[in-house]
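Working notes, beginning with the structure itself.
The chains carry the letters A, B, C and D, assigned in the order they are written, with residues numbered from 1 in each.
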Amino acid sequence: MSESKSMNMIGALNQALDLYLERETNAVILGEDVGHFGGVFRVTAGLQEKYGVERVMDAPLAEAGIAGMAVGMALGGLEPIIEIQFADFIFPAIDQIVNELAKYRYRSGAQYAPKVVVRTPYGGGIRGGHYHSQSPEAHFVHTPGLRVVFPSNPYMAKGLLLAALECPDPVIFFEPKRIYRASQGDVPLEYYTVPLDRAWTMRHGEDATLVAWGAMVPICLEAAALAEGEGYDIEVIDLASLAPYDSATVERSVTRTGRLLVVHEAPQTCGFGAELVAGVQDVVFPYLEAPLRRLGGFDTPFPYTLESHYMPSADRILFELRELIDY
Amino acid sequence: MSESKSMNMIGALNQALDLYLERETNAVILGEDVGHFGGVFRVTAGLQEKYGVERVMDAPLAEAGIAGMAVGMALGGLEPIIEIQFADFIFPAIDQIVNELAKYRYRSGAQYAPKVVVRTPYGGGIRGGHYHSQSPEAHFVHTPGLRVVFPSNPYMAKGLLLAALECPDPVIFFEPKRIYRASQGDVPLEYYTVPLDRAWTMRHGEDATLVAWGAMVPICLEAAALAEGEGYDIEVIDLASLAPYDSATVERSVTRTGRLLVVHEAPQTCGFGAELVAGVQDVVFPYLEAPLRRLGGFDTPFPYTLESHYMPSADRILFELRELIDY
Amino acid sequence: MSGSADTASVGATKAEFPEVPFAILNADGSCDPEYRELIDDADVVRVLQTLWLNRVIDQRFLKLQRQGRLGFYMTSTGEEATTIGAAYCLRDDDPIFLTYRELGALLWRGVPLEMLMNQLIGNGQDVNKGRQMPIHFCFRDWAVPSISSPVGTQLPHACGFGYASRLRGTAQVPLAFLGEGTASQGDFHTALNFAGVFRTPCVFVIRNNGYAISTPESQQTASESLAIRASGYGFPGIRIDGNDFLAVINAMGQAVERARGGGGPTLVEALTYRIGAHSTADDPSVYRSADEPERWRALDPLERLTAHARWRGLFSEEDERAWRESCEARISALVTACEAWPPPPLETLFQDVLRDPGLQLRRQRDRYLAYLRVREPDAHEVP
Amino acid sequence: MSGSADTASVGATKAEFPEVPFAILNADGSCDPEYRELIDDADVVRVLQTLWLNRVIDQRFLKLQRQGRLGFYMTSTGEEATTIGAAYCLRDDDPIFLTYRELGALLWRGVPLEMLMNQLIGNGQDVNKGRQMPIHFCFRDWAVPSISSPVGTQLPHACGFGYASRLRGTAQVPLAFLGEGTASQGDFHTALNFAGVFRTPCVFVIRNNGYAISTPESQQTASESLAIRASGYGFPGIRIDGNDFLAVINAMGQAVERARGGGGPTLVEALTYRIGAHSTADDPSVYRSADEPERWRALDPLERLTAHARWRGLFSEEDERAWRESCEARISALVTACEAWPPPPLETLFQDVLRDPGLQLRRQRDRYLAYLRVREPDAHEVP
């Protein structure tokens, strides 16, 4: 068995990048402050030193330029890995992502298939206010031609990022910055991948199914533990990939439990929770014991002082679960 | 009773703009080719001549600049109405729309409330391929702080646009370009508004509820007529406003019919259909006779030659309705 | 829009491009002997033939569109000296990032006419599988990446490709075209700024044809030129007469050489004119007088290169007539052949979104096929 | 980043700003007599006091942040001549579009300290209702629109506001600040280009402080200056010593006057230096040597204006000490008072998204209140 080490998510992501840059000489990193500084969250620390300024580059402050240049690099045979410093700042780059990157393979009849991995820290819980807290995944899930991936712990972070880097499709890789350091775990030192397209059952249960991704996974596990104290047996699924998503695993679970609660940070309306509910109820309708529910952020911009009210908490999840189970 | 005239949607929209510019001297129009040319679809025809180049302006070719300048104009006391030539080209402007326009009132504690109406032709059916066919509404519905409105015929177009122009909130006004000219109807010549926030029951029925907006409304009415031939009694609701949306009307309907099919052009995954299904089943769960379904575009970029397979048709809607009713 | 020679080179960039004249061809087709060597006789003829082919195609396809046999078309009539001239200076593997108005570059590169035609029709033979509107070409075997409608998005791609070329040692020099209207987009700024910072080998060519649909250049910028913007990115920008084939290849040749030699990017602003409508969906009579294009016909790049050829004793009127007729004949045959192809198979609708379709798309496809089986039980024998 | 006088004005813009010198203050605090009239003695003292207040606030708030009493803070130490000088040239109703590093402009405008402090804390007294991170101010009564984090988005706002000002006849001149890193954004390009085309009254001031977080200016652009970009938009751009208060108000005064008089926009590039860290989340020791900021301390705008005041016989060391102490005292009182306020009421979380909350948000709110009633039956007596 291979050696492993306890590390946090930043360390795990850094390892994945290091291993991939080592193995694939066409892989390059581009982003704001990712070079000598190693990124504002230090995910790329040490990589410029090791692989040179030609392969690990500080970009001018323009997300559209970063994404657009990456598409061109990929057309030219490189494998760009770009960092958008905060997911909130992905919007200047969204035209290049949804109209170019996502559609290039299709529109060229697969003559070209630019492959870019877009890494970006997302989510709330760091007192970041409007612009350092958003979870814009739904925009990308709704865009055919992209994969959308969320790790929820260091092991998954390394394995999913390596899988994303190997994958021939463009991937938007959302990193839960709130647990960048808080999430600690054993991670094999060797190269390994965790398959995309798969949901992961983190805890088995019979009374209701909880689905989440990224930073909401540990919160859901916490809620499930609380629920256990009240005699409820909750299944927790880490969706991990949102596009395409493994609805089969969720459907199997809900067929048993008859109940589903999806938890996410993004505003509830038109969030991914809606998709999961709509998709799952279509298939498992005869087995449902209660309406499928979602607990998302409120339909407001992300707040500052009142942030703790905004973010779904284990306690609120429990409140929702109780109601579903007693429905 | 006031005089009315048969006209198409372009004429109705043009009238609304004309009446509003006349009444509100702070209202201005900004967009590509909207001035002397009157817009590539001629919605702004004659307005520059009437209101001058200071109030009806051709913009340089930059959607981000148009949206960003409009926010500033609104802060300075104007009421900008901007045109994004095709909804597909709204993406360069999306940062200004979702991060600035949508959040300005909230983040300033309502000290400032820039009000901008963004008009944009959307949708398929004109052989426009990837970039002249998209329906990007879900991006904006998912952004708190915006209203999203869709007219489905000339009467609604004029009344909803005037309501949007009067409304103190930013509005993304999606115009169904496929029926710009095809949709003809009697339109009062006077100033009138059609309330936002309301869904409209276009046809009563007891067997299933069909919900759509914009160019899919006439298709759904056509499907309902076909269904009638097969003995099905279909209710058709024009949602008209997608954010905020009148789920109450839909819920009341589904409480009766027990069945819902949402039809839209945008890719199905994470489209607004998911939101409607998720929101409605939560409330009317005990009344459901079948899973709630959606019929959207495929999860592919919008095609060219095979467009007719992509767009939901009356016949496909009928196929789905049959299955729902026989469930 | 003025085209006088004193705007030939601009401010800060002069030093790096001291010798690039605004125009080279004289009114009578002659030129200064030192510039004659820019192109040999055989190539003058080949270029003229390409120019003619471009023009015949434009005329014929406009008609096809009016007959409803093409969904859409956009001409490049009047701008061929720029489009062909720029392509003329490239190596065959230098990628060309196109907009929708550079048919000439494709013709010069040698893309077979039937491949162009199949794209325009969107039939089952189209290498792009009929997925894009007419004119949105992509031919990887000819180093032509995919055209997209949102203007300006191709500019950072050229910059990125140049970076890849240098890092991978392929020595390719990407060329990106844009219209003057497109120079207003944010992507113009980020692309050129990144190209300056990373000193990527690439050349940006602005076809300043006076209009963006109905919007005149004067409404796009208050700057005296677009070329001048290059100095704000730290590399040379030059303005040339884009209807003067020799001026184009002179400037472009140097820009490409400079890029290939490690000297970084160049911005070339070629002054030209859009003789036709913006597209088959446009009606320019609403926004410009009929004599404006007429005035520009006097500066027609085809006339000017023809005069030059005659000055060299090449391409007689008879040659011209014969060539035109052969073009017409080729196109007639082509249209008939390409229209006969069936549309792309239904399967292609669901392919190439990702490498393999995900679960959601597979389910959507299966459901659609189920519908088709009910609807037309025999017609669709789909797997 | 060099600050030599020969970069004072750039290329094409020279003609329109012939008389704007790069720097005015001599090393000993003296200046050419013709520039002395730029500001009277009383204002020199007021400005110096504001500079000191700015600096004391920076020091104290940095400490508060380290003690965990502020969530976040960003200093503007070293850049106050630019921020205060620019604001100095405005009318009270001229809107200032800020980034996060122009506290001095707010202080000069006269925003009460407690209002600033309430925002930084995000308490219930904050006019922005505690909705934004510290530093993201908005004070409509002082013509300060809302700061947002995405850099550059404020630039087209200034352009649009200027347009509104002209059309509505209010004669307001919006000023927009940006950092040199931000000049790389697409919004910079579209804002300046639109300002040029519509000739909107407005002034753009680049605080070129050498860094965008860790990224040095050399990685933002290959251009020799940022001011030069203005010529690509058809209006004047000038580069000045941003640490020389007199040079700032001289250039800014002219730019504002020009805008107010219908002459259109101006781009001012002020060379300065970010003495501190980017923010309290940053550690500059990773990317620059400790003596680099030390070298810049020699050019400290506070020292230089102090020298000038002394040269005028103003603001003795004793005055300075007394003023500093009064600043310290004011701030101590302030912090205690503002920390005592409760957070904004829960209701505010759901307000102001649209003018009235829509059905979806009302339902979310009702559900959350239902949860709170179960969770803490007594605590939340919400309507």
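Observations
Everything that follows uses one rule, which is that a contact is a pair of C-beta atoms (placed from the backbone, for glycine too) under 8 Å apart; a residue touches a chain by one contact, two chains touch by 3 or more.
No experiment lies behind these values; they were computed from the predicted model shown.
Matched by residue number, over half of the contacts between the chains of A-D recur in the interface of B-C, chosen from A-C, B-C or B-D.
Two chain pairs are in question, B-C and A-C; the one with more C-beta pairs in contact is A-C. One simple way to say how far apart two chains are is to compare their mean CA positions; for chain C and chain D this gives 45 Å.
Each chain gets one centre point, the mean of its Cα atoms, and the points for chain B and chain C are 35 Å apart. Computed centre separation for the pair chain B/chain D is 40 angstrom, with centres defined by C-alpha atoms. Residue positions of chain B touching 2 or more other chains: 59-60, 62, 64-65, 88, 91-92, 95, 99, 103, 106-107, 130-131, 144-145, 243, 269, 279, 298-301.
In chain C, the residues that touch at least two other chains are 131-132, 136, 148, 150, 184-187, 189-190, 193, 197, 219-221, 353, 358, 360-361. Those residues of chain C lying in contact with chain B across their complex are 71-72, 122-123, 130-133, 136, 148-151, 181-182, 184-187, 212-215, 219-221, 281-282, 286-287, 343-344, 346, 348-350, 353, 358, 360-361, 364-365, 368, 371, 374-375. Of all the residues in chain C, the ones that touch chain A in their complex are 95, 126-129, 131-132, 136, 138-140, 145-146, 148, 150, 153, 155-165, 167-168, 170, 172, 174, 186-187, 189-191, 193-194, 197-198, 351-355, 358-361.
Looking at the complex, you find that chain A touches chain B at residues 64, 88, 91-92, 94-95, 98-99, 102-103, 106-107, 130-131, 138-139, 141-145, 243, 266-267, 269-275, 277-279, 281-283, 285, 288, 290-294, 298-301. On chain B, the positions that touch chain D within their shared complex are 26, 28, 54-55, 57, 59-60, 62, 64-65, 67-78, 80, 92, 95-96, 99-100, 103-113, 144-145, 147, 168-169, 197, 243-248, 279. By the touch rule above, chain D contacts chain C in their complex via residues 11-12, 184-190, 193, 196-197, 199, 219-224, 226, 228-229, 231-235.
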